[in-house]
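Contents: one structure, followed by commentary.
The chains carry the letters A, B, C, D, E and F, assigned in the order they are written, with residues numbered from 1 in each.
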């Protein structure tokens, strides 16, 4: 099967890192079509940036459908553009946040998200509440910008995340931690070892969820909320950009 | 004071109708700056159309702020683009849906929304849940497209709305009705007379809310969620279009 | 238009202060009819005092309606007597707590109330829950009696409020603060400057809400919950007392 | 022990009927002190009537405490005046609505209230929500005034209640029915036989709850919400009236 | 009347202690039938132990019904086996947790549970949420095993409970404390004196609730959820063991 | 990888049918270890039967872990025994109900469960509420016993399910249907074609979820709620029975 992976921001390094992470957990029969918008925002850290990035997500899934994608993963915490994307295409569209929350709810009773930067707390909670998990999930943020993850030394970010997660383990009785950004996959192993609880990367479980839905023959319901949009939408201003294989 | 009124769709007739409605309820000292995006969607009836329209709303409030607007009303049920717009400008941004729900919660114990078309039920409920009013508000939809309101005879639409509202009065014990579309202002008087309960047009109460917040000296908190976006957003592809005074 | 302002307690100084605050935010065409019960409680700081004050509120709005009031504001945190008052008169009755919460929900994502004294926490939360905003609003109390606001130096009270508010900003990520007492209007400017976020006085926004509802032509629904009471209520034991203009 | 029973309205026939019902379920060692306000409302069917009746409840429990009452039952659906009464006296104050809901939650998974008249739906739901049982309890109302229960033939009222209850059993999967008025005790046996499910009279279970709390040595917490009111309340205008033994 | 008391674990000392506690609060006409499973777990501190103990509870109530029990109290925090037991017998089955929560909701506005050990937090919260009281109740745990209550000196456990309770009083504004284990009855008096608020033992109020329901003539609804199980269940592997009178 | 599949009832035909369904959706590298308790109940249709079956589930996963299972699927609607099973073993334990709800929440906005028989409505809702999805999911039941699915002609059952599902599509605006029993897998294709919306079998998506969690390297958190039980549990009375390959 073919799974389209959409990084909603324009930062190629994130997209490349995403592909590398996902290749390790993809089934052998899964082909990954990894892409990001060629135009938009370098990272998604506000409602306004979400709005811009959503157009890119919509254009990307439309393009990926023409390339034969069976399902889609949107790799941005907060699940930017997931609802409109579900209207645009036929195959299921999985947000990394919802996938992470589902996994956490199976392997633990209570869990916490550690996201970044602080101003996006409301974005994470929007997903938590849409899924109804506010009684089992608390949300923390460390106040560093997403692009700090592009720096050579991400040690300080990891330290800040570990401290917030530790606080959640002790004070909220969290039993698992969800990493609240698509760019944190590399920290899963070390944080899990340090914290002694499962640490969940929504990107990885998002791919597994997408593969599972395709395998089970499930597609987005087109009955009402996610029916194709009634008007033809011109998204030509938001071209998507397949990740070159040589990166 | 100056209040910017944003119709998120590109249909000038709606914008003109909006201005006519609002002139009747505006304070004498209020100047209305009425606008819509020059590019986007003719009506907002899906998540994807919301995503496109949100860009127009963001560009419109940015432009209106340069023209001296003190506050803004977004005249689209579902409050399309309200959250990102709050980041873009300093003055308060009021969604017609939230304003209508606030008014209903003061003049009645229970109330119902009648929106259109059916696929946008989830949009109305998103606002109801964000405000926390699901225990007091039910949502209905009549299944006609928004552009049916452009036709000469809107009688059948009004009849369908009246029937849905009547059902809510009897079965949900609703005591007030919220009209779930910016294009229904002309029906307020006749529906209210027919139903025997207050009928609320979010456009009108949205304007009053905006005027009130300005008068009370309140602006959007810039502390975190609605701080200015961290990056400079290029919204030039979404020019807004002030309503010509001769229409 | 005429707006009736009801201070539910018998302390004239509060009523006079209320009038002074509201004159500054009232529209030029708004006449304020400011009153309090001649008999009752000097302040409202318990359920029992609320019960006594509610009778005064009911008698006051009945009297104000005969004087031509178009709408009413009840200036007591907890919205004492608002529901019964809605039955007694035809025009909309606005509680200062609900008005403050509505304003806060538009200008911020999360917000906190700082009320007093501590035993009234449950009163504030009753309104928060009736409006459904518990997921966005936390409630704090400083443990000083209301009548401490009558003292010459209210500095210590303001300091205590500022500390509680600061705690809410840091720990609950509040982005706006609601002052939980009608007697705190004078602290709005200094607290707002000190805290760096909007500080909301429910009295002021209550008046703007009342004006807006009148302007939009909305009255209390008389369909069921707020229909006139079935029996004639003798409220003669609770005479109201218009504020003399010379105070 | 001595249990004070307060009928919040002024209708002696209700008070007498209440006593007769409760004598049958009281423990042998329980002395019932049955009373109602001498002044107030003939029945409680609106928020305004609740406000008037609450003063009577407060005065009644204060009087009953001087007569040695160990606990109190307020026999009015909606639990009128229960919260302020808890402040006034030391012994536990039990509302018939909360007691009925507790009993229902033990003997069934889902249950429904059938109250009267229709305008009091919001009163019943206020208690349901304060207890948090909205996910297990639905509320119905038959639209007859409370004083219809004083008529010779209450058959039509019982028929209307039976029909509403039957609807709840079929459509909401209710497994028990709560009678939403203190004047319906006589219908328990026939309705229970007819409906085939437990029918709960809050007056009876309210007494048992009060007896149980006394027996377990529990009193109202005076720590904060229900501490004695800070000011001395003059309730002399609301004398209570012990039921003469000869009625 | 006869009330069956079921200790779900196999530790006779607990059962004996339970009987001693309950004899002091039982009505004079109440005969206590006190029992525990002869086979199962020494204490219930995990979901798996709950599952084993539930079988013992089911067998015990079946046996007690043959001995003429009119109602049943399950004396294990978390209300292990209460739902299946309701199907097995006709008389009402009361869990100590729900009874304690009901009592707390009458004598206070907010309250907290202090349970043990920490891993059972989710068990307590399951009951809190099933009753809908999460908005009024917080849950704490001290991390000692239940069998520590068998030791000679339970002082350290009581100290830990007092500290957790004190934290709840200060930080959550709790006004009453629920002891979250059936083996803590002996601490009620000293903790209550020390904390200055009511301390609730679910075992005692559970018995009073059971007596009250029998006295009010209420039995478990057999309409649907708690109808007798459709198949004959072989519970012979879980014999129950009446407490010898000489212990 | 090896996935243990547990049918909690003793009916071999169900277990065989389960295996046949799952073989079609399993990854090529997945080995299915399919089992059911040798002792217990023929079907799970009540709380008491759930309690008995839970012991069988616990014994089964313990046995399957010794056989090298990496994860487990419990194939009984209501997720019988899932929580205790999570304590017993290290690999993730997936309930078919939670897996179905997760899938539904991704491919639709609103959805409904159609379960059987009617008395198990509360079991389905227990899972819906534990996941927090009550605002998006309604539950229906058709009143036929589970063992009716063993009959030659299951047409009448399918017809009843289709009618309940159709009701949900029209009245609750459901956009997907979850089949509320492990024995309904064969109806997915025909119901989906008839209803025009996705029909979800929790057994299939449960397997996909289990595979995905293993592939993503996630195991049950052993920090607190699901730590190994503190005592050694004797489950020898509940031997499990691997499905013979020749069936």
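The rule is short, and it goes like this: a residue touches a chain if its C-beta (ideal position, glycine included) is under 8 Å from a C-beta of that chain, and two chains touch if they have at least 3 such contacts.
In this text the structure is predicted, and so the values were computed from the model without any measurement.
Within the contact network of the assembly, the step distance from subunit A to subunit D comes to 2. Taking each chain's centre as the average of its CA atoms, subunit C and subunit F sit 53 Å apart. Averaged C-alpha coordinates put the centre of subunit A at 44 Å from the centre of subunit C.
Between the CA-based centres of subunit C and subunit D the separation comes to 31 Å, rounded to the whole angstrom. In subunit F, the residues that touch at least two other chains are 109-110, 118, 121-122, 129, 134-135, 173, 224-226. Of all possible chain pairings, those that touch are A-B, A-C, A-E, A-F, B-C, B-D, B-F, C-D, C-E, D-E, D-F, E-F. The touching residues of subunit F, when paired with subunit B in their complex, are 109-110, 135, 173.
Every residue of subunit A that touches subunit F in the complex is listed here, in rising order: 25, 27, 29, 92-94, 98, 102-103, 105-110, 131-136, 169, 173, 175-176, 196-198, 200-201, 204-205, 208-209, 211-213, 215-221, 223-226.
Touching subunit A in their complex are the following residues of subunit E: 118, 121-122, 129, 134.
Those residues of subunit F that touch subunit E in the shared complex are 41-43, 45-52, 54-55, 58, 81, 83-84, 86-88, 118-119, 121-122, 129, 145, 224-227, 229-231, 233, 237.
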